[in-house]
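So, here's a batch of structures to check.
Shared chain: subunit A. Partners: subunit B in the first complex, subunit C in the second.
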Partner chain A sequence: MKLDHALATIAEDIRPSENQKVFACLAEYVFAHKKDIKHLTYSSIAQVIGTQRPEMLLQVAQYLSGERVKLLEMKFELIIDDNIIPLDDETVYHAEITGSLIHPDTGYPVKDYDRYIYPYFIPSREIENG
Partner chain B sequence: MSAIDFADGLNERKISFSLFRNALHQNDLAASLGWERTIDKLTEHLNSPKTSATYATGLEAVYVDLTLNGNKLIKVFKLLGDYDELIKHFSMELVEQKTIYDKRFPLPLEHDDLVAAPLTLSCADYYTTEDRSSFVFCSKQYVVEKEILPAESLTDNAQNDYGDFDEIYGVRKRAVQLFDVVCVDRESGTLQIRMDGLDVQKTKDIERRLLILESKVLQVIEAAFDVTKIISGAINFFPCIKKLYSSVDGRIAEIGHTTDSAGVHRGKMRTKQHDFRDDTYHAGGVAGIVELNPHMLSKCWNSPSRQGYVELVIPGTVALTSSANPTIDTAFVLSCASDIDYDFVMNKIFESMTP
Partner chain C sequence: MGETESNILDRFTLKDIKELADQLGVAGLAGSIRRYTASTYQQFIDTLYSDLNSIVSTLQENPELRKDDGEDRLTLEILSILRGMGYAAGHETKIGGHTDLSVRGKNNYLWIGEAKIHGSYDYLFQGFQQLCTRYTTGDTNQDCGALIIYIKNKNCAAVVKEWRERITAQGLTNLSISDCEDRPDFVFHTTHTHERSGTPFNVKHIGISLYFNPQDKGKAPIT
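Showing the complex of A and B:
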């Protein structure tokens, strides 16, 4: 995926057209900093695109990690107190299917895990290869 | 004793699950998500005639590896004298003929027996290979656990007496058996004290036990040898910090440092998969100063066995950088699922000590 192609797809997909520059802004940022970005949170995306509106934030993050442009990959981590534990796809999938999240370090289920699980984004393989 | 007891024993000892899983993979044994599913899977393999023998041998090896290595607080002394004489002397004087732990060693005692055990350190046995002899000291320690209790657990009488509470906690003092190791390592010419319990105890409690064990070992040496001809002072890890930071191998997980412009900094990445030296903010800061003046460091490397990562933490405080003779004589060697992992980290320490 190249930036030109991503911007053209955004122009084609995003309506109303005045919203396109918000999506394009994040796309350009990700391309410009793809080597440095290892962890994008919703709050850092909000700063990049200059919005605090949750619905816009979700829409932009969802679109940029969706099949159409796939510039970002969504990941999850567990944050309990100050401990941050990355979750692999198998652990997340198991939690979705069974409703029980196994803590990767302790090996025991995390009680009320919904309170401690957070999404973040990294540049996708497509953009890294591009 | 059944082979699955080795897995249960590690679970009872609160060994980190990720470390257990890495050790299983290093021994080509199957693992799954969490203790429960992994123990089910191991039981299946132990019940199958095709895999039973391999799994029984493998699980014992994993248990011993995680007892001697795992997550340890270490103190290291350079050995000067005859290792064989020292090992022979230790085997006669450190190892106790009969201890309460013999009943299930190398497994931990069952609850009631453990509660009845004394609080002293007892050397229950030792393992010898061509390169090293490892003397295992068992002890009973108490850990304090705190749990949120359901609101209904408060009786009506208690509610009447004390009123309503938003959260109710239960505090339990639980006895755990720890396995500290005194190792005479021929290859590196060192005596290493490897303290257990990092997953369940505070560092201060472990350091208190370390003092007792160290003095016990020194007394045994003094009884038969001139100590000054056998052992030199503990290795100072402080000078290693700078070299470990600047060696390009591995990943810096955390660093604490000061600057000449009176800044005090402590920084780390969100996970140990990333190198802090690559953090744009940190790299920009480093480029703008003459010298980084570090006082603590944590560094990770991919495990040489290709399962997980190993970690070295050299702890230190800001006060050290103001000292004329900064000394750190303990370090943490973490996530070592085997001798290979542990030796790899120790070699990194020794390499960083050479000018």
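Showing the complex of A and C:
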């Protein structure tokens, strides 16, 4: 995926059109900093796109992480008492379907597991030099 | 962005996302985690069908807005919502012909939907045949599709029930039919041997009720 293709796709998909620049802003940021971005949080995304609307923040992250443009990859960490454990996709999917997450280290279910899973983003492998 | 808001977003958890999804009504947000993490074709299909269920509900809520819409217009609405959710969804994508709706995923996942406004059962069967013998490969990670039936006449359940009986009588090889748990009166599943691949092909038959004939405004009764 190249930047101009991503921007054209955003222009095709995103309505109303005044929202397109918000999506484009994050796309351009990701392309410009793809080698430096290691752990992009929702907070960082909010600062990049300059929004104070959570629905816009979540929409932008959802769209740019989807297969349609695939600029970002969503990753997950289990953080309990400053202990950080990366979670793979299969583990998170299974937790979402069953409503139960087994702690990778202890083997015990984590009560209210979704309170302890923190998503973040990295540039996807599909980004080429644009 | 104030410092307090920035701190909150730094601690954004899955639970926060789900709660916001409920509060804000952003299309597809609640299912987004499953969408990102689906790592098998079956998980991709299950998640897509869950999202399509939500989209069908949205379409059915305002039939008055859609009463003059043709097949393409209705399908484009589904396409638009799928794309907003981040799906690599296409309309008129050339796959053996011009498909109504296609969704691609990683690992060569492919799902194709054929959409028809119900006019006759022969027309629905024509759509089914387009799906199964023209567009789909039936290959691994490509053996699921759907017939999307826009029903503008009344008694949607009767249409779907009749269609289910008609498809049963078509002589498809190794046909099996199963109920849909979520919408048993309006959706069912079939599996039959795909002619091209020789392997089982799974079709979800989705009835979408778009009948609109309000009877609350009429002539005043004669007194």
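A few comments on the model shown:
In this text, the second predicted complex is superposed on the first by the 127 of 130 C-alpha atoms of A that agree within 3 Å, B and C clash if a C-alpha of one lies under 4 Å from a C-alpha of the other, contacts with A are read in each partner's own complex, and residues count from 1 in each chain.
In this section, a contact is a pair of C-beta atoms (placed from the backbone, for glycine too) under 8 Å apart; a residue touches a chain by one contact, two chains touch by 3 or more.
Small disclaimer: the values here were computed from a predicted structure and weren't measured.
Once the complexes are laid over each other on subunit A, subunit B and subunit C both fit without any clash.
Touch criterion met: A:Y118 reaches subunit C, while subunit B stays clear of it. In the overlay built on the shared chain, the residue A:E77 is in contact with subunit B alone; subunit C does not reach it. Looking at the superposed arrangement, the partner reaching more residues of subunit A, out of subunit B and subunit C, is C. In the superposed pair of complexes, A:Y108 makes contact with subunit B only, with no contact to subunit C. Contact with subunit B, but none with subunit C, is seen for A:K38 once the two complexes are overlaid on the shared chain. Of the two partner chains, both subunit B and subunit C are touched by A:E90.
Once chain A of one complex is fitted onto chain A of the other, the partner contacts of A:P54 are limited to subunit C, with no touch recorded for subunit B. Superposition on the common chain places the nearest Cα atoms of subunit B and subunit C 13 Å from each other. Touching of subunit A by both subunit B and subunit C, each in its own complex, is seen for residues 90.
Within the complex formed with subunit A, the subunit C residues making contact are 1, 5-7, 9-15, 17-18, 20-21, 24, 26, 28-29, 32-39, 43, 80, 83-89, 104-106.
Listing the residues of subunit A that touch subunit B in their complex gives 36, 38-39, 77, 84-86, 90-91, 94, 102-109. If you check the complex, the residues on subunit B that touch subunit A are 11, 16-18, 20-21, 33-35, 37-38, 269-271, 273-274, 280.
Here subunit A touches subunit C in the complex through residues 13-15, 41-43, 46-47, 50-52, 54-55, 57-59, 62-70, 74, 76, 89-90, 92-93, 96-97, 112-119, going by the rule given at the top.
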